[in-house]
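Next come the structures, one after another.
Common to both upcoming complexes is subunit A, partnered first by subunit B, then by subunit C.
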Partner chain A sequence: MKATFRHSMSWLHTWVGLLLGWLLYFVFITGTAGYLDTEIDRWMMPEAPIADFSVAPEKTLELSIRYLEQHAPDAQRWFSSLPINRNDPYPRVFWSGAQGEGVAARGSQLLDPTTGAALETRDTSGGQTLYRMHWRLHYLPAEMAFWLVGVATMFMLIALITGVIIHRKIFADFFSFRPKKGPRSWLDAHNITSVLSLPFQLMITYSGLIFMMFTYMPLVVAAWYGTGAESRQQFFDEVFSPLPAQQASTETASMVALEQIVHQAQLHWQGAALRSIDIQHPYNANSRIIVRGNHASGPLRAAGTLVFDGVSGELLTEQPARISGSKTFRDLMLGLHEGLFAGPVLRALYVFFGLLGSAMIATGLMLWSVKRRERAEKSRQQPHFGLRLVEKLNVATVLGLPVAIAAYFWANRLLPLELSNRAGWEVHSLFLVWLLLLIHASLRSTRQVWLEQSWLAAAAFGCLPLLNALTTDRHLLTSLAAGDWVFAGFDLSMLGLGVLFACLAGYLQSKAVPSTSTASTRPAARPSKAWPEAK
Partner chain B sequence: MMIALLHHTKSKLQLHAGLIARILAATFGGYALAHTLPVALMALLPIAAGEAALAAIQMSFLVYLLAVLWCFAARTATHAWLGLLLSVLVSGLTAWAVL
Partner chain C sequence: MSFLLVFLLAVIGFTGLALSLDRHYRQVWQSLPSKQQRWRWRLCGWFCLLLSLVVSLNRSNWDHGLVFWFALLTLAALSVVLILSYRPTLLRGSVK
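Presenting the complex of A and B:
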């Protein structure tokens, strides 16, 4: 093995970082977009009204129940979630076990907050699908996706810790950026992005593993409870203490007024917001009404639960948000990972650190290839296949993925509204464009690909506000005038990304065409150079 | 020609044998230890089964990480394997005895 501890840690850092680096970049970019999932949802449903969080819960509940009585009669369960913050912009109902002619047994529907009718929007995959990609990998079977992402996350954790170990001067490194020095500059950039975001990266990586821990480490629980589905269920019942299921009676009964339940719950929680009302066996003598508090009121992703008798309205049981130390730790990890509690400023920070994490991965990948490219050129060797492959994958991922995500937004505005499986085609557009860019990268010289794909990214993002203005009546000026910060923010962010990519393209362009003064001191064309550096 | 090729692969294999042994130890030995060590530690604490199991499983990734680092930091691949096997054995037996 390598001579010293630091050397072997450095070797480990290099290879666990490279091997699944592109997958990690994908996870980071789509996961970062997930911090704006409902905002993206709203932009992708331009027909939906501006969200209103000031509607009284009683009013929303009344509309929800009216919808459910019409569309889900005789159901076993009615569920209504209230729009209390950006996590749920519109009232949503869910039902199961409904009966009747032309009635869907189970379903889920967003409602118009003022009329209570089904929210009529285009068929879209929205921000939710984009966000779910970061662990679900969309096309893959669920189990395979979980394991792939799990291995990548474990690699990330190893890369983070070995990265810290191989750094002697972590703070000195933080303040040194030496631009235009080839691999050295890439190393500096890698160091700065990593050091600045290290606590966030550690949190996001470890909590990511905790999300899927029962899949990844199946035998730990079995040590106490034994294997088999029943013993597993016993464990889940004990630690997460779900409420005992209530059997329906054969007798029907009237339902308690929901205003009364809302009032009781608000009194009980001293005015804190209610997030959802879950009615089990509506209009049945054994009906139960479960009220849940806001699980996003703080970093602890847990909420108190109240169970009422659905007929008399009597409070039967209460389950607090905190049950045990180890569950609280888990809830904290999940809460910090998802950041549902974050207000605008903290949310912006989440996005910023997510992007820094993506930049950390991208600069690490670049460092690997730039270093080896320089070595190959010094020794005048043909760069071998592995290096060329990494160079192509780097550009087609670092730039190709953002372009593909822009294509996802374009597809949302351009695909015909009546297209069947329209939402599915939005996602196909993303991956088809990505595939095309990968092919593009394999056909052209790496340097040209960087230049061309940055221009493409600049155009794809920069023109999105224009596309929005042409295809909807909610263009930037109207949304600014209406104070619609979700729409205006989306358009402005896309414009900003476009400008950023244009700057990158301009920079690359200026390097690609050396000015006459430098052309005399060095060979005019260096077509084999993967990345331009000024000497 | 064939023989030369065989020799070449063999020497290359020998060169990489230590590395491959470490990677295997880290991947599988580390995964085993990520199960046995947290279970043993939590089984020794006087807490309810559910809470102990939930605490152990959240610890297991940290143990996995440390095991991987150990496998690449150990002086030789044999050291890496021995250290890991011993820890798995001791923690596994402890967990088995206590539970």
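Presenting the complex of A and C:
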């Protein structure tokens, strides 16, 4: 055990940070991409039209029901979500328990907003898979991924708290960044990125744990409801659904006109937007229609729910957005984490803070290796294997992951459209490229890897708009001319990332060939430094 | 446009707090602040930060405003850090 409290906290911070840093970096980068999930979806489905939020809900509903009647007859449940903001750009239908020849029992489909036909797009994993990776870790079994991410998140929270404790001069150093001073600069960068964005980092980490609180802390529910799956379900029903599920009757019945339901709901909520219509047992005597309001109107991720009788159209019950203090607190945490309510400016800030969080983790990882590299060189020892391993893993994660994500976008444009499991191969491309970059990192010197992978990242992101222009008919100029800001925004962001990585590469290159002036200020006894070192 | 005002107030607020610290005062004026100056900057800093909070809450959806305030606070503090690190003398002209 270390001598003082601050020492032991410092030890904890250093080693926990190192051990889980790479996983947390992955979570932060893919989670940040998640703030632009539907925008990425859009770019990866170039066949889809510009989203149109001006279609009346009655019209969208009519198209949705027509689709469901054709493709999901005799279903137990029809669900239609309405495009009201960037969170759901297109009408979407979902169904379960459908019967009939050649009919999928359950399914989900995006619809064309004007024709109501299935939206014909390429088979893609889209922004959704990229976003889900940050807690699903893609290849792992769900339960295992939840626990891994949960443990990492818990330690992230510990790292944040111990970080504040071990920061010696948190107020005096609040505004201090001293560039070009070796490990000092890395420590400053680590401190600045974490301290200044601490409100965001604490919120995102704590709320991340709240997301899966029923997985991590099942005993709280079990203590009151029992441990079986049924008792768990009873708890969820009580908290999250306004009325217990109704069994289907043997009698069929006609369905109430949906315009009437929409009208009633709008009247009830004084014209606020409706997000979804959920029809249980359509055309059955026990049919129910559940209407949900917009849960993205504010940081509190909750909306009112109205339950109607599906035959008579009578309002059966209402569940307001806030039903209890503890649920409201949870909704607030989830809402702040997902940022569904954020408009363009706040969304850009969310992305920026996600990147700051990633930078906080990356600078922490760098600090670990830079300090030890300096120590090893001062004592003229061969760098330890562990140090070299960390250096390789650092570069292959910090630069390798962004390149791998670029590869995911390249795969979307380059894989043949008729390839079976095309969406799956997009994701495989991401991880294959990442693996290749890890191998590349293990074969070359660390300084070369930093240089080569940043040029690669610059090219991979910078050329994406060109690739898009060559493989689709929506190049940047047509998107700009058509006022298609989502598409143009993606292309421009990729160009921006390309330029950023090119700047990094240029900077590294200039350091790799030290000019005479910098060489004179540098002690001659320290010739061969791995890149992240100061003059 | 109110977020621009909130941001500017926060930048001024953090500049004030930074200038109440010897290290940053010296970066800008190559001298040390007197005790009185230190307190004046600190007071000005906190006042502007408070004012930025009031401005961001003063709208119909105050909950959005509060989230915005936290976000812009970080952005403003970062801007002050970058100015102090690379162009500290910039503050001499604009603040006084």
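The working rule: the second predicted complex is superposed on the first by the 515 of 535 C-alpha atoms of A that agree within 3 Å, B and C clash if a C-alpha of one lies under 4 Å from a C-alpha of the other, contacts with A are read in each partner's own complex, and residues count from 1 in each chain.
The definition used in the following text is that a residue touches a chain if its C-beta (ideal position, glycine included) is under 8 Å from a C-beta of that chain, and two chains touch if they have at least 3 such contacts.
Nothing here was measured: the structure is a model prediction, and the numbers come from that model.
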| message | Clash or fit: subunit B against subunit C, after overlaying the two structures on subunit A? | response | fit
| query | What is the contact status of A:M213 with respect to subunit B (first) and subunit C (second): first, second, both, or neither? | reply | first
| request: For A:L336, select first, second, both or neither according to whether it touches subunit B, subunit C, the two together, or no partner. | output: second
| request: May I ask you to decide whether A:P344 touches subunit B, subunit C, both, or neither, giving the answer as first, second, both or neither? | output: neither
| request: Check whether subunit B or subunit C contacts more residues of subunit A in the superposed model. | output: B
| said: In the overlaid three-chain picture, which partner chain does A:V239 touch, first (subunit B) or second (subunit C), both, or neither? | reply: first
| Touch check for A:G424: first (subunit B), second (subunit C), both, or neither? | neither
| remark: Superposed angle subunit B/subunit A/subunit C, CA centres, nearest 10 degrees, is 80
| request: Please work out whether A:G226 is in contact with subunit B alone, subunit C alone, both, or neither, and reply first, second, both or neither. | output: neither
| query | A:L157 contacts which: subunit B (first), subunit C (second), both, neither? | reply | first
| task | Look across subunit B and subunit C in the superposition and give the shortest C-alpha distance you find, in Å. | result | 22
| note | In their shared complex, subunit C is touched by residues of subunit A numbered 172, 174-179, 192, 196-197, 199-200, 298-300, 336, 341, 345-346, 349-350, 352-353, 356
| request: Could you please specify the touching residues of subunit B with respect to subunit A in the complex? | output: 18-19, 22, 34-35, 38-39, 43, 48-58, 60-62, 64-65, 68-69, 72-73, 76-77, 95, 99
| Considering the complex alone, what residue numbers of subunit A touch subunit B? | 1, 5, 8-9, 11-12, 154, 157-158, 161-162, 206, 209-210, 213-214, 216-217, 219-221, 223-225, 235, 238-239, 324-327, 329-330, 333
| Residues on subunit C engaged by subunit A in the complex (per definition of touch) | 3, 14, 17-18, 21, 23-24, 61, 63-64, 67-68, 70-75, 77-78, 80-82, 84-86
